[in-house]
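Letters are used for the chains, namely A, B, C and D, taken in the order the chains are written, and counting of residues starts over at 1 for each.
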């Protein structure tokens, strides 16, 4: 625990120092960065120590705040979720200063380190807190700190709007958690998590209520449809490394909250599992569909976070169903898949956001239609981004594939079970994963292809430069992790057993037993991939040798006889996605305006597509408008006539007197 | 001496109706003065335990205040502000009088409700107090002219005074004086307020004061 | 692994082009032409491999990597798909997931290679490819899921090894539907008529062909060989449905070869008999396949 | 100095200060006097608090003045916030040139009224006799009226007139309520002399006539409730707060409203004795009503000070709700009183100062505060975030305590309504806050001298808000507990 406290101290002190010295932006930035990196590394050490079998760290202090206490525990589950938190924050810290060098006002940039480090500390505190009030406090701080990062470019109206949507969503989510913890605290008579388990175990009604509250409260943080609307607004507005931290770590804390609650809720009911499964499937599919429709790189990535959270929820849902139907194998697979994907997503989503940041830093835009041909100009960034894309699509042999393999296999395992319900769950999983996989591939083919391949679509892209070394280093480490975990899958899965057992409440050895055959299978699969890689390498060498003798020329590509293909002739992102988008027009519902060329000598033609979030546009904004109009009606009682004001006083009095006399 | 109380009651009620019925502010002020003097006597009569110095003192102060000082202030204000009649109140004079009758009936009923709880309080005065309060409120709500609103407030004051005098057997002198002082200051403050408003707006029709809304 | 396991992949590597040759021959026969010799595909591949290469001006090494990777993935896939009688070279639980993963990887590589040229035609082809693939992937998953449910196994060898006569007797409708959807997938994944015409020369109507429009020399050779391999692999998934459980390996193997030939002829017939669908009707076609296998699965559940 | 004399001193110091102001030669002196007086008052209050917490009651002038834990808590809050407001007044008026120069005459007037109202409020808090308490309350109304119309322009005069008339009527009702209480005591057989001493009224052996006590509490609630700004009788509040000079608005929201509520609470123990949960029910009802009405109004506010005023309605509603929710709720309410007074006065100061810069309080125009005035921008951001209940600020904690109380009382509907109202406030206020704090200012801001007093106001207040949100000092818990104990639990 001491190490963790040191990490907190480092993060907070340097953060405060950074904001205090914001006048000397450069020094402040150095301090903030140092604190972020060192503090996160220390914290990472603490987490790894616990995961490596050190006994759970514990800290209990008296907190004079009534109805609360300071109770921190770092058990395996917490430590596991500390990995993305501290891991990602280490690298974002490493990345941040070079990135901020040309972004925003220097003072803001310096101050942003405070919010960044506070965010990290708050996330860690949420993950280790075992007291309702402490948890809520940390949760709220964790919600507030990114607010200042989202509003980073505060001169832009869009950023302020995004910040509003973000914090409003976060706070409304917290409202449910407030009810949750107050309810539990009231029943249990204590705000300590240990006390909650007792009252929940033998009260299904209560635990169902708590589950619903948790699903909404934590789901909104994690970004489950329809509570996802803040992600695509907040992530593009924030500095890219902040987006990486939010998307890589913060939304995982939402998942953590849900998992932690599940451990307290006692024997789960089947419909919880179904709720999670359906929520996950819907979020996964809609998330990737909306991503497909985007032409802003960071919005696209944000929607992919929704998708991946969906995948995680599917995993947890399958796990809960496994527990509910008393099918431990299914439970093990589900939880293992979900939890593994938590870390995997943290890795490749962090990588992708950092990559997007590098692109933004180099070209000052993330608008797909203005990019292109960057692979030649920033090869290393391109390579890392390619690996990240392949990983998030779930292609073998990268880490994304491992968790999706687990999950799809869980689906198949469900199929083989006699219970029709389990089979149905399995089928749902498979269909969802199938759709998600295919669509994600399409989406990232578009993203990578349009950004890094072909010819530049704008002058900025034309003159893009490779990112600075710290940024490259951060991305390279993450890319490396994608590959390593991909090949180390067989050894990663057994390591999950202990964490899964804490999450699912099943004995570790039983889980180990049910996971063992899978890791064996993955071992074989890995050898296949190694063979494949070797074959590819061989073929590469051979064809190189042949071509060396046969000779290579360069020529313009075939353009129906048009000799000089220009950037404007290239397939655009929108046109690339158009077939799929129009296929799912019903769900995506993005507004398109087409001015078609007409006549023999067409003059003007234009096509614009607005991919604003349908839920925001068709559900939330109208609701808020309606509420605003409703509230405006109140105006009539405050019309400024003093006589009537006095009459109010009299009327209230008379009403009360009448009420008591009756 | 219930007979005396009854007389005070009746005359007091009539002053109320006069206030409701007349449009001329000067008249209103005079009726108010009369009313004040009348009801200032109530404690002297109501207290069957003889006339203590304290009671006399209070009564005297009241008469002085409500019978002379307030009217003086108000009349001065009227001339300074230069308005002499209430033009078209929200609720017309006839309607006001009708309201007065209804209010009278209601306060009779209410007094009958309350009397058992306040057994030692003379019924007539109880009913009068309630009636005064309701009329005062009505004046504030139904008249445009700020001055008449002040008058309404003072009618309420009278009602409260009567109510206190008949219900509470003995309150500390300090309190009584404090209350008097407050009424005193209140009238002055309101007077100054009206003066400022008048000098700023050129008139003191409080229904012009409705710029602040929402 | 013992040498006998290498039979299946070897057969695939050797016979896949021949399989294509049979299709072309059939089409020629129906059309009343003599048509190219059966070994023509081999000749083409070798000819292309000897050629030099031309690359677009904006291309990066990715365009070179694409064909190599797709070949590699297909060979790997070949190693885990069982051949009747011979089984697969490698089998492990969940290898069907790996199969799908390999297809996805290969496709991703080719698509990126296409986009790398920066040509609008390649872009168009890539867009269509990913579009149809995105729909085909769930279809394949569900079809395999149905088989898994039927045979209570999660690795291809066990699944295909477990299909006996009475399996068909018990799960006739399911297996039939799965068969049909496999046939559709065979046509879709390899962009044959009625989905795409491998021999067309109008860029705007092409899918796979237009993606590889600017590939030349050895790359094109590898792509064509790869296409043959993919045709073979998915064909195996279909032919493998034959109830050969417990049949003597040699007989089964021969039956398998026979089955592949029949499949080739059937495809040839279809290609000669049918016209291309309009691009907009293709998705219905694929979703139809997915629906078939979904129905099959639900039939199993009830 | 013996505690008994402390009370007298508490009354004497402001009064003499007020007189001194009338005699002051220069505006600067007036401001200095106000600051000095409120500092002394704070010191005295602290000393008194210490002796109350060590003993139980502090009496003076033969029991006319009595201070217990409940009143001393409010006394401390009053003194603290009043000091903040006085400090800010020195900043505010120093730059108040132009149409309304802060010349000698106005300065004297301000100082006298300002300290006079302080004295009146102290009188309310220290008087044992409910009648004298009423006198003090009425006095605050009369004294503060001219503080609202300090600038004597049309709008402020209108606001002042509304405040004066509505509150006078309200206070009149409160007096009727007081009389009813006395009557209730008498018909309950109590002696008349000390019928209005709350020290006697709160005694558990007190026998009160339930009917009269019912009437009494209703009149008191409506009467003082008007002053405290509970919906639907809050109508004067937004006008007065928006038109008064910023320091005055700050003092209104930070001190006056609490004190009005304090007056109501003095009647609650006897009401509980006579009527059980009746009083609590009414408090909960009006609390929730205020929260919802205020939330509705906040949705469409444009003027920053009006927004803050409605937020005061909301928070007074929250406090009233807390009082109605039993011991835990009372604790929450008192804690919330402190937090709200700090946040709200700071917010008014910030808006006032920024208003001086931007020449407007329109939230659409007043934007980019952080960029133009770091200190007050920060103060605005922090205080409003605190007001809308964002952690780690203090109000989040007191609202959490309130939720606990609601849950403890099994009032789930109330809890839901409260959360709904709070959420509406949060969402709609946040939109304005973001633009005010971060926006890209369209109006050029006039440069003002950065004054050290500004830091003395903003920094400690912000620090306190932050600190109380993270850590509640045990002695404060002790003080609040004692104060809550005075009111006792629901019967």
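By our rule, a contact is a pair of C-beta atoms (placed from the backbone, for glycine too) under 8 Å apart; a residue touches a chain by one contact, two chains touch by 3 or more.
Keep in mind the model is a prediction, meaning the values are calculated, not measured.
Participant: Point out which chain occupies the most central position, where each centre is the mean of Cα atoms.
Facilitator: A
Participant: Give the chain pair that accounts for the most C-beta pairs in contact.
Facilitator: If you count contacting C-beta pairs, the leading pair is A-C.
Participant: Just the number, please: Cα centre separation of chain A and chain B in whole Å.
Facilitator: So the centroids are 70 Å from each other.
Participant: Calculate how many whole Å lie between the centre of chain B and the centre of chain D, each centre taken as the average of the chain's C-alpha atoms.
Facilitator: Averaging C-alpha atoms per chain gives centres 31 Å apart.
Participant: As a quick test, compute the distance in whole Å between the mean CA positions of chain A and chain D.
Facilitator: Those two chain centres are 44 Å apart.
Participant: Rounded to a whole Å, what is the gap between the Cα centroids of chain C and chain D?
Facilitator: About 79 Å separates the centre of chain C from that of chain D.
Participant: Residues of chain B touching 2+ other chains?
Facilitator: Residue numbers touching two or more other chains: 137, 140, 206, 209-212, 214.
Participant: Which positions in chain D are in touch with at least two other chains?
Facilitator: Within chain D, residues 161-162, 165, 169, 215, 238-239, 297, 300 contact more than one other chain.
Participant: Can you tell me which residues of chain A touch two or more of the remaining chains?
Facilitator: Within chain A, the residues that touch at least two other chains are 635, 638, 640, 642, 646, 650.
Participant: What chain-chain pairs meet the touch criterion?
Facilitator: Pairwise, the chains that meet the contact rule are A-B, A-C, A-D, B-D.
Participant: Once bound in the complex, which stretches of chain D touch chain A?
Facilitator: 161-162, 165-166, 169-170, 173, 214-215, 218-219, 221-222, 226, 232-233, 235-236, 238-239, 282, 293, 295-297, 299-300, 328, 331, 368, 370-371, 385, 390-392, 396-397, 400-401, 403-404, 406-408, 415-416, 419, 422-424, 426-427, 430-431, 434-435, 438-440, 469-474, 477
Participant: Across the complex, what residues on chain A touch chain C?
Facilitator: Against chain C, the touching part of chain A is residues 372-373, 375-376, 386, 390, 393-396, 401, 405, 408-409, 411-413, 415-416, 420, 423-424, 426-427, 430-431, 433-435, 437-439, 441-442, 445-446, 448-450, 453-455, 517-518, 520-521, 524-525, 527-529, 531-533, 535-536, 539-540, 543, 546-547, 550-560, 565, 569-571, 575-580, 583.
Participant: Which stretch or stretches of chain C touch chain A in the complex?
Facilitator: That would be residues 49-60, 62, 64-65, 68-69, 71-73, 75-76, 79-80, 90, 92-98, 100-102, 104-105, 107-108, 111-112, 115-124, 126-128, 130-131, 133-142, 145, 148-149, 152, 154-155, 203, 213-214, 217-219, 222, 283, 294, 297, 301 of chain C.
Participant: Tell me, which parts of chain B touch chain D in their complex?
Facilitator: The touching residues are 114, 117-119, 133, 137, 140, 146, 149, 153, 156-157, 160, 163-164, 167-172, 174-175, 178-179, 181-182, 185-186, 189-190, 192-193, 196-197, 200-201, 206, 209-212, 214.
Participant: Which positions of chain D touch chain B when the two form their complex?
Facilitator: Residues 64, 129, 131-132, 134-135, 138-139, 142, 145-146, 149, 152-155, 157-162, 164-165, 168-169, 172, 175-176, 179-180, 182-183, 186-187, 192-193, 195-196, 209, 211-212, 215, 238-239, 242-243, 297, 300-301, 306.
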